[in-house]
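There are structures below to look over.
Both complexes shown next keep chain A, but they swap its partner, so chain B is in the first and chain C is in the second.
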Partner chain A sequence: MARNKKTDGVDESTEPGSFAPNKARRTFLKKSSALVALALTPPPVLKAAEMEDQVTAAFEKVKITLHVNGTRHKLAVEPRVTLLDLLREDLKLTGTKKGCDYGQCGACTVHVDGKRVLSCLSLAVMQNGRKITTIEGLADGEKLHPLQEAFIKHDGLQCGYCTPGQIMSAVACIREGQAGSEPEIREYMSGNICRCGAYPNIVNAIMEVNQSGQKV
Partner chain B sequence: MNQFQYIQPAKQKAAIDALTKDAKAMFIAGGTNLLDLMKRGLAAPEKLVDINKLPLKKIEFNNNGLRIGALALNSEVAQDKLVREKQPLLVQALEAGASGQLRNMATMGGNILQRTRCPYFYDIALPCNKREPGSGCGALAGFNRMHAIFGFSDKCIAVHPSDMSVALAALDATVVVAGPQGERQILFTDLHRLPGDQPEKDTILERNELILAIDIPDKPFAQKVHYLKARDRASYAFALVSVAAALATDKNIITAARIAMGGVAHKPWRLFEAEKFLEGKPVSEANFRSAAELAMQGAKAFNHNAYKLKLAPNSIAAALKAAAGIA
Partner chain C sequence: MEKAFFDQDNNDNSLDRVDGRLKVTGAATYAAEYQLPNVTHAVLVTSTIAKGRITSLDSKLAEQAPGVLAVISHVNSPGVPAYGSSPAMPQRATLGTPLRVFHDNLIYFSGQPVAVIVADTWQRAEFAASLVKVQYEKEPHQTNLEANLSRAALPANVQRDKNSRYHDYDRGNPEELNTAAVKIEATYKIPTEHHNPLEPHAIIAHWEAPDKLTLYDKTQVIKGTQGNLARAFKLPLENVKVQAKFIGGAFGSGIRVWPHVMAATLAAKKVQRPVKLVLPRELMFTSVGSRPETIQHITMGATKDGKLTTITHEAVAHTSTYEEHTERTILATRMLYDCPHVSTRYRLVNLDVNTPTWMRGPGEVTGVYALESAMDELAYALQMDPLELRRRNHADSDPEKNLPWSSKSLKECYAKGAAHFGWHKRNPEPRSMRQGQMLVGYGMASSTFGVHRNYAKSRAVFQADGKVIVQSATSDIGPGTGTAMTRIAADTLSLSPAFIRFDLGESTLPDAPGQTGSTTVSSVGSAVKVACEALKQKLLQLAVNTPNSTLYNTNPADLSVEQGRIFKTGNPATGVTYTEILKQNNLPQLEVTEESKPGAEWQKYSMSAFGAHFVEVHVNPTTGEVRVKRVVTCAGVGKVINHKTARSQSIGGVVGGIGMALTEESVMDHRFGRYVTGDFANYHVPVHVDIPPIDVFFIDEHDPHVNPVGAKGLGEIAIVGVAAAVANAVFQATGKRIRDLPITPDKLI
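The block that comes next holds the complex of A and B.
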């Protein structure tokens, strides 16, 4: 929850070398949307939920535990909250993007127990106890993940909105052993849409990392 | 999305009871279709019964053939060594469907029960007899490029979207289902309905029946197979037309043929007449062409899908050639 404290307390735009206007705007959006969410949320009825055979009333929040990027989070969520909204709104992990929100674009791709899935079509309550990895969890401290480096090197993006999903999918694609050739990469990356059309560069980035034999 | 209650029963009986007791309850497994429908207001269950704790994930092979648990994921089945060895047609169809992410979420049972992607069904501002019985069919005189050429009614011309189900229909599969009265087996080709006067009903299942497993018999046509899918882009799109073809041959004579089509009807469309025609005949392009022509009898196009009257027979012939291994 370090991220929460940071965004709550510090004006990130003062950090040296940061993209000041964007970060300030992002922090403002996070704060203001949190306030709106707070205003709209019915008073929570938090109950210990050993979910087996237990009925959770519609307004009632369910207690779950998620391991996100190596950090254990104990959370209380309404059953209708998707994993995507939980990550973005509650945990402030806004790297995972909401593109279509209907499972058609792949921008919300995360790993659940090592498998790539669409977080927009996953209910958070159904992920209880699982390990989630988002784009924020890929880098090793300041050292970027090989696929992040390769996307930069090969210019595998323009607007960048689909990029977190592309990279999460690309990591899985290589781990699944489905990145052996350009046609194979194109087929197994087809669930990630890029409207800027950066596809050739994305394929090149994945090809290079796969061929380098680096551990992803 | 509407608010709903959520339960995760550990016992099959508890799951079925939950739906029996509560008319507004629904099962959820992978959720890739149901959550999409709920977000758009096309489904509004008041209770979701999460069946993921039920022990229905096993893939096994016995004397009768392959049994695949209803909760096995599409990706798990497609990668399973046993399935790849015994039922390559199913593997091809699974890999032609959806995307890597969706196949990691979608279950076998859920794939079978997914709803049509007809745009009139999906848009609550437009009429649709499947979504709202009696409101009319918007597609009939509307934009019907993706729609049926077989088995439709004046109430509904939507098509079933699953690739996997087309392979299962061709492979003489059976589904094992459980309800309050116990278990029953349903031939896969009998599971989905034609729209008739009740397009709101996709299958013959009762709403509180649960798919437990899929049985695929071990048959001689399981190895010479091909799944062909024609679509608007190279990958990650629903079929305009798809064909699952399976052949058994003996010295160039076809001893058994199984063919099913997707994207052309309200259910996976088995080509029984074409199969019968091929049995006993030599493997040849001419025979495959004749079988395709036979299969197209009774096909009828609407304003925007006449292209399917050509695409379908060409796809049938091409899939049969690929299955037989002739160029």
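The block that comes next holds the complex of A and C.
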């Protein structure tokens, strides 16, 4: 991909797959980190290479604050880390699933400030200050959310891997007012793939909750 | 005797899925989600050519990238002891040898792992993977099945095995076709399809000691994976542990130990830390098998009144150059209908691709698609109702094996399905039915899948607190194994299901076969049943042998059990509970382990499940868009263990069949020998909007012959025949017979 020249004079229009744009910066960081390390760390503690990596990582990370399921997290994340990977790998909230990593399957659906979002297509640093709700934050303590109850009752799941995404989308679908009929639900749930084929049961679960008038 | 129906609205006393709560709260833990200290992340580098050899692999830049712990390839692999040290062979005719990961510099298919990067974070490993420079010496590759049909051959593994069922088969005199009153002849094609479970294949490999390996793996075959890894690394079996408690779908992709499993295990050996490897979606197309592309030629002959006289069925499928994958493509043709003259031929063509594997309903799905499409064509040639044609050729016994069926309800499936669907409203004339502008079509097809059963063991432990733990090293890819086993255990022990816990997904549990071939209830369910029966007998014996028990010295035959309480039959007021018996004997728990395996009944009966699907499609005459509007599916699968989850399995099978019929196709760019449909935007699986209401019926079959549980298996018959029913409906709607799946709009306009 061609990129524009940056004002600092580093030419970023390089061949695909090359890491040249960052190379100069990385080298600089590695050198600086070595200096910082010399000043701060007892020499025998870390192997030089590991030490460089750790300090380099610290320089490259961006500080953000996320509110996830009601808990405030102050985090330092690499800019390239997606919200999905942050949730799964750093916060250990593995209920949000990675099915494709391209925004094509819906398994990673979470709510950001109340709206459904594909967390694999969202960089974590873009969510600074926002409220994130994942499947782990949907139930009220031991009391399941009405849609969680309905998915169990209607057997709207088999292997369970798409289920968190289906439920997060279903909640949003009802809140958006797009769950008024079976065809409407099918249309507005079509971003969530279920390879086991639980679709009719999922539609029944959403219909029942929507018709019950319960607050979701 | 009139058979009862399980109506979809009659949910009897079905259990909710026992792991439902874990799955709807995000608490179910899948392979990549185990939290291990010091875990590292691996990313594969894969070949960009389809055939040839690696001439150089430069990993210097990658090794210097931040966070990288190791780059492992054939250059520096710690090696798999069982691979041997034979040098790379110049001539590659390694039929039947799984790909030897990082063993040599040979490339057998595009997408083959050539290196694995291990780093402290996934992002760093991913970045470093882009820095590995691999140079190849290319050789011409062959990936096009149609262009290589002249190389089609009887598989070498069949040639070596005189008992193989894939040898050329002739019954009667297939030459009779020449004198048949009515004949049809057609060629049907299915493309390569991929399982694409929603959870990508994933593994965490952890060497807990130099000779102790633990794998958290997405595998359908826990004991098989354990044995395979133990052999590969020459370890005692008990030193390898495999865990797979939750599996995010697999449909056959998790039956084998694939190269990425070996890559992660080798990487973990190298870095001496746990290694997590999750396949990106695009590698799901080259790493874990596929349904093979298959070209089938069928001829049929019949009398004027619709009695089949001859069927010939030839199938040619692809395999890889290093292994032969064979499946049951032509077998259903020998037994689904009563026909005196039948011949089948099965051939493979080896191509420079990764080895295909079993995918839901392997063989039957492919073969029955062709056979049931041909039956529809024959019905039109005869000007006969397609359902009536099938009824007239019903096989009252197995015409191949000359054995009686252990049970069969196909006629009842036809009747129930047709009545519920409203088949009588069908006007057979193509393009005769419309709704608004839409062309309407009704289609149907028969369905069958063999009953299989394997050796299995189960342990049942009655605890002092009244709970029963039942265990077996089976797995659950989604059908609801735990739920079915809980039901079987509860019914056998006469206890509420609330007191049962079923453990699965660990290699330390009693032996179980893999979750394959619709055999789990048949095999593991039988073991659970005999274990729970033995436990119950032990409790009854204790009750009559305990001096201070009210049942002391009672004949066990005179006892009944309800809700965990033993009493003299006809006198419920007397008696003791299971827990009281343990207490009276000062026992902390009572444990039994039992095994179950098939026996002589398999020589006396032919065992298969049968069913029928009825489909209505609407076709837009202008755009060629096909919409399935409703489906009725009916099957006789022996005893239905838990109706709610069984119904879901049937629905899922129909959904898979609709995908096969209308959208699923892995497209290969033969110039590069590479799939170009490596994601969900290009490989189209059905989504919500593609799936109409699906009505499911089961015939209540009592079959004492198949296994102690009486269940035939359901996961695969649910998809067999669906694609033919859709294709037949499209023909009636449009008058166009599309013989190469999927039926995309371009083929209809």
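Rule of thumb we're sticking to: the second predicted complex is superposed on the first by the 157 of 216 C-alpha atoms of A that agree within 3 Å, B and C clash if a C-alpha of one lies under 4 Å from a C-alpha of the other, contacts with A are read in each partner's own complex, and residues count from 1 in each chain.
Here is the rule we use: a residue touches a chain if its C-beta (ideal position, glycine included) is under 8 Å from a C-beta of that chain, and two chains touch if they have at least 3 such contacts.
Nothing here was measured: the structure is a model prediction, and the numbers come from that model.
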Max touched-residue count on chain A (chain B vs chain C) belongs to chain C
**Message:** According to the stated criteria, A:Ile174 is in contact with first (chain B), second (chain C), both, or neither; which is it?
**Reply:** neither
Exercise for the section: Could you look at A:Glu136 and tell me whether it touches chain B, chain C, both or neither (first, second, both, neither)? Expected result: second
Could you look at A:Met126 and tell me whether it touches chain B, chain C, both or neither (first, second, both, neither)?
first
Applying the touch criterion given at the start, work out whether A:Gly99 contacts chain B, chain C, both or neither, answering first, second, both or neither. second
Review point. Between chain B (first) and chain C (second), which does A:Lys153 come into contact with in this model arrangement: first, second, both, or neither?
Key: second
### Message
Touch test for A:Val209: chain B only (first), chain C only (second), both, or neither?
### Response
neither
- Message: I'd like to know which partner A:Arg186 touches here: chain B for first, chain C for second, both or neither.
- Response: both
Subject >> Which of chain B and chain C A:Glu78 touches, first, second, both or neither >> reply: both
Where chain B and chain C land on the same part of chain A: residues 52-53, 56-57, 78, 80, 101-102, 186-187, 189-192
In the complex, chain B touches chain A at residues 1-10, 14, 28, 31-32, 35-36, 39-40, 46-48, 50, 52-53, 75, 98-102, 104-105, 234-236
Per the touch rule above, chain C residues touching chain A in the complex are 16-17, 19-30, 32-33, 35, 61, 65-67, 120-123, 127, 130-131, 196-200, 246-249, 251, 278, 280-281, 477-480, 644-645, 647-649, 651-656, 679-681, 685-689, 691-694
Seen from chain A, its contact residues with chain C in the complex are 17, 19, 26, 52-53, 56-57, 78, 80-81, 85, 88-89, 92-102, 104-105, 107, 134-136, 138-139, 144, 148, 151-153, 155, 157-164, 167, 182, 185-187, 189-203
The residues of chain A that touch chain B in their complex are 51-59, 62, 78-80, 82, 101-103, 106, 109, 115-118, 121-123, 125-126, 169, 172-173, 176, 178, 186-192
